[in-house]
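The chains carry the letters A, B and C, assigned in the order they are written, with residues numbered from 1 in each.
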Amino acid sequence: MTDTAVTPAELSQDPAQHPKGVPSHATSTGISNEKLAMWVFLGSDCLLFGGLISTYLLLRHRTVAGPTPKEVFDIPFTSVSSFVLLFSSLTMALAVAAIHRGDIRRCRTFLVTTALLGGTFIAGQVYEFTTFVKEDHLGYTTNIFGSAFYTLTGFHGVHVSVGIIMLLSLFVMSIRGRLGPEKAETVEILGLYWHFVDIVWILIFTIVYLIP
Amino acid sequence: MAIVERPTAPLELTTGATTTARPMGGFTRPQSTSGWKSWLTTVDHKRIGVMYGGAAMFFFFIGGVEALFIRLQLAAPEQKLYSADLYNQLFTMHGVTMIFLVVIPLGACFMNYLMPLQIGARDVAFPRLNAFSFWCFLGGGLMLNTSWFLGGGANGGWFAYAPNTGVAFSPGHGMDFYAIGLQITGIASLVGAINLVVTVLNMRAPGMTLMKMPVFTWMGFVTQLLLVFAMPVISVALFLLTFDRLFDANFFKVSQGADPLLWEHLFWIFGHPEVYILILPAFGVVSEIIPVFSRKPIFGYPFMVFSGIAIGFMGWGVWAHHMFASGLGPLSVAAFSMSTMFIAVPTGVKILNWLATMWGGKLRFTTPMLFAIGLVAMFTIGGLSGVTHAVAPADTQQTDTYYIVAHFHYVIFGGALMGFIGGLYFWWPKVFGWLLSDKMGKWHFWTLLVGFNLTFGPMHILGLQGMPRRMHTYAKGYGFDFWNMVATIGAFVIAVSMTIFAANVLLSWRKHRRHPVAVGPDPWDARSLEWMTASPVPAHNYDEVPTVSHLDEFWTRKYGEDATGKVVRLHTSEEVAQKGDATDVHLPSPSYWPLVAALALPIVGYGMIFNLGLAAVGGVLLVAAIYGWAYEPADDPEAHHAHLVHGNGESGDGHGDGDTGDGDGAGSGPEPAAVGAPSGSGESEEEGSSDD
Amino acid sequence: MRTRRRRLAPLALVMPLVLLVSACASHAPQTTLEPKGPIARSIDNLFNGVFLVAVFVFFFVELGVLFLVLKFRQRKDDPDPDALPPQTHGNFRLEITWTIIPAVMLALVGFATLTTLFNINRRDENAMTVRVTGQQWFWEYSYDTNGDGKYTDGDVITANDLVIPAGQDINLDIRSNDVIHSYWIPALNGKKDAVPGHQTPLRINADKPGVYVGQCTEFCGLSHGYMRQRVVAMSQGDFDAWLDNQKKDAEMPSSGDAAAGAKLFATQCSGCHLAKGINDAEFAKQGHGKDFLVSGNAPDLTHFATRGVFAGSIFDLWQDTDHDGVVEADEIGGTLNRGDLEAWLRDPPARKPMDAPALPERGQGKIRGMPDLGLQEEQIDQLVAFLQTLD
């Protein structure tokens, strides 16, 4: 959406012949409002994960009873699911590139691939949590490590799930023919979010799983 | 965030024609722009600002009554008007209400109303999101206060130190309401902050560079950035508390190895920037008032701006001065003591620059000016007692005594509130088109100044005499009796003073109704852009978006230099100001969805406390609202061709998402096939598609 | 005194003056402005210096405001009221100056702060150390009498009155059994929080023998306002005698009301309270207070009668015969303040807000504070008689 400066000439044109998605965005910074808002939101989200990760770091070794990180983690399994999530960043980038080229079909394919990869990651997380609860007897309330671990990874999981929903929404729109090249920026903004969530996972994976 | 397919055959519209009902995805898009219902669906930043102000005043009444109850109990030693538990609820809710539901929203009131005007924008970047912020704040605030009727208010103090707020020590629902209610108002602040940050960065009028923005907008901008980064931290803390209380997590259970200092750090990493969130907008207000009534430009504009930015940055490095007694090592204490001391420097610069602005001026002591000077005088006291806290060894004597209570009331009441009340008097004619009585305003000011100092001045003494905070009563023989009585009398003087304010509003309004006097666009001979449009400000703000070439743009259009270099008036305000009568400016359309989405949040909150089934209902409502929102174009899709633009082609539709929309009169037309890119969650609303 | 204060009331607008005057003008035993020991005095000196600087700045700004208001007001006799004053936009040099001057002033204040800060945080490991434990709503003190560095049951445990020798540094190790409290004796040092899971150090030193009062300053729930503490400083000789006495067990009274009271104490009070030599076995059997109390700890009553106050230091145990508001060491063991003690035993939650509706069954929920035990008047007399013997 343009924010300022829509000239009468522009408005009088048939909108269909005036794809404004390739913007007449006359914002003061030249960045569209939506994209700027996403950047600001992601900046804010950094602090959210910063708080959660700090909490986890402070608490993980303070457990007085029950399973410890060392006892429950299955690093190879989580490495694979982390790789899946990382790979989805690539497909997301390809989706953005495709729509910038105007290749809607490719874009659609990559969008759904990204969603599926994200879904695989979530499924892996669900499987992992189930194992922890059933085999390692690490519930949410079992000990302080459990509470901190599930809260941190849970918040990340919710972020991924929200991303998947948005990806699927764009996918459905594209099937109904409503994702044209003028929507390139929408896909790009979603891409920003998706890459951010991936980067956060790299941090979490390193800090929670890899650093003893 | 929505995408609209254009109707293939646009209908011709007559401006002003209205239709009553058009189905919009099963709902009818709200149409009215007048009547009380229109306030529920409005996306106009000015109306939202006014509602912020009204709601803040409502909560100010509640918080004030709580304060009076507190002072009644403490008027004399060993009084037992209420139980210790009720007293604990009273001071907790007083603090929570005044900080989160009065001063923050009063700041939001001014920032919402003025920042778009001062940068020459038609609205904020995301008008519907703005409405959502307000309803979210109101819902969270009301929910917090309903706790009084649902088992009692929060009783752990506004700072809610763990583990005293755990279920073991606070078994009622009060702290649940605290955690969830503040979470909801936090969402409001965060969403609002993102919105205003984008607005300031992106929607400035042509020529309005950052260093030409009025000081108020600058201070507001810094405040919003602080909110963007501080809110997630308190969110984390509140989530942990909520999970501990409702789901039996272990974050603050010492028996499970928890460390109570985690809460203290999280809370104050948010809590200290929060202090600047409260005070910076008021600094901005005063920086607007003093130049106008000194009839001089602000002294040292760059210093004012950069000291504000410096406060914003340094505010992140001082939080542990709230924890000098908590057993941090002497090295950390030393570091935070030093950083706290030096944050006084930019604050001092501001005070001296205000004084220098007055120097050599021709001061007119209108009510707003009195309040502005009141802020300078009172905040100075708060700032100086603040420096004595920065002296960590002295702070170990002062902290958690009434000396601290005195200090932060001088800062938040004598500082922030004084400034905001001055701002109310200052911008009232701009907002409503009529003036508040100056005579009653002066009564208001002087009674407030006396009452304020009677109430909080003695608390310095009480604190140094060793009276701790948060005691439900105190014993005889400690020397606390006399000054507590004085403070209680002072509190009632404040109550009288605020009654005068209410009477002023009422009587001035009645007078205006009987004998309307047009105040004109510029009753004070002011300097910034918002005075360049009609009073009250028309819905579209500016008939034509001004092109800016100076700081104090409006003033430079009125005044110039004659041949001798003397400053003379070249034009009257009326000649320069816009008439505000343009009828064909495109505006964003009202919407139900922000209200519905915001309503869903307290329902989820109540559900989490009382019944998870209810939470599920709220969740469904929330998701439905978000989808409804996403599928609804930001602007009513009909009539975008009715878009006639006035003047220089700067009609800007001025709002973020969705599509160009209708003029003020809407037309009827076939239902457009509206398809949105639904966003998955509340937090991602700002993610969205752009126009088609 | 009173009239003097009244006359001063209008001066509330000029706070610093009033502060100074009132500080001298009233009887305030908990005041921070009259330090009674070297540590508190160094804080006070620092505060006084900073306060003077603040007073200077205060007058500079407030008088400045007053001056500007008078000097530059729009005058009624202004020949051309519409003419604008000179439009000065700023003065870079001036502004840099008044950025630097406060910074330099604060740097000086900062230097003084750091010096004092590190000075008062020193800790002499050879000094006597007392462990201070906060819980809802009283303070407990443990003395490591056998010098093994641990605080075990064999050591002296007392409550409410912290007895120390005067004229020397005493280390306190402060901890908490439940929520955060804060230990504060203003005349001897600033406050330090008692954080559960942490042990925080504090050092106190009293110039002379005497009683120094204080209060918990971190909000700790219902009876936060009733959580007080006292430091009773004695000469070294008196202290040694006191400590020797504390090391002994209580003696089982042989006859009369006191004996009946001891029996009653063992049956009724052993769930929470210990009086060594009286109910050791019952106390151990009933779980050391851990089964009933959230904090797991109630005051040790072995030498109850050697203390000046009870119930979180809110009631005097002995009569204040010289009416100075404080029960001094020489008044302890004098005339019993029977009224408050009986009233307390009759219905504790009525005297002090606590979350203790009734003694719970074992294994059910836990309480905070002392419940109403439903004692008969006769039983109360017996208990009072017994408690008096715990000296």
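Rule of thumb we're sticking to: a residue touches a chain if its C-beta (ideal position, glycine included) is under 8 Å from a C-beta of that chain, and two chains touch if they have at least 3 such contacts.
These figures come from a predicted structure and were not determined experimentally.
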item	value
Contact graph of the chains (line, ring, star, complete, other)	line
Pair exhibiting more inter-chain C-beta contacts, B-C or A-B	B-C
Chain centre separation in whole Å, for chain C relative to chain A (CA means)	52
Whole-Å gap between the CA centroids of chain B and chain C	39
Centroid spacing, where centroids are CA-atom means, of chain A and chain B in whole angstrom	31
Multi-chain contact residues (two or more partners), chain B	257-259
Contact footprint of chain B on chain C as seen in their complex	2, 5, 9, 12-13, 15, 18-19, 22-23, 26-33, 40, 42-43, 46-47, 50-51, 53-54, 57-58, 61-62, 64-65, 68-69, 72-74, 78, 81-82, 84-92, 94-95, 98-99, 102-103, 106, 109-110, 112-114, 116-118, 120-121, 136, 174, 178-180, 182, 184, 186, 189-193, 195-198, 200-201, 214-226, 294, 314, 325, 353, 355, 368
Residues of chain B that touch chain C when the two form their complex	83-85, 88, 156-157, 161, 163-164, 168-171, 254, 257-261, 294-297, 299-303, 325-327, 330, 333-334, 337-338, 341-342, 344-345, 348-349, 351-353, 355-356, 358-365, 373, 376-377, 380-381, 384-385, 387-388, 390-401, 450, 453-454, 457-458, 460-461, 464-475, 477-480, 482-483, 486, 559, 567, 569
Chain A partner contacts - residues on chain B that touch it in the complex	1, 3, 5-6, 121-122, 125-126, 190, 194-195, 197-198, 201-205, 208, 228-233, 235-237, 239-240, 243, 247-251, 253, 255-259, 262, 266, 545, 586, 630, 634, 640-641, 643-645, 649-660, 675, 677-681, 683-684, 686-692
Residue ranges of chain A in contact with chain B within the complex	1-8, 11-12, 14-16, 19-21, 23, 27-29, 31-34, 36-38, 40-41, 43-45, 47-48, 50-52, 55, 58-59, 62-65, 140-141, 143-144, 146-148, 151, 158, 161-166, 169-170, 173, 176, 178, 180, 182-183, 185-186, 189-190, 193
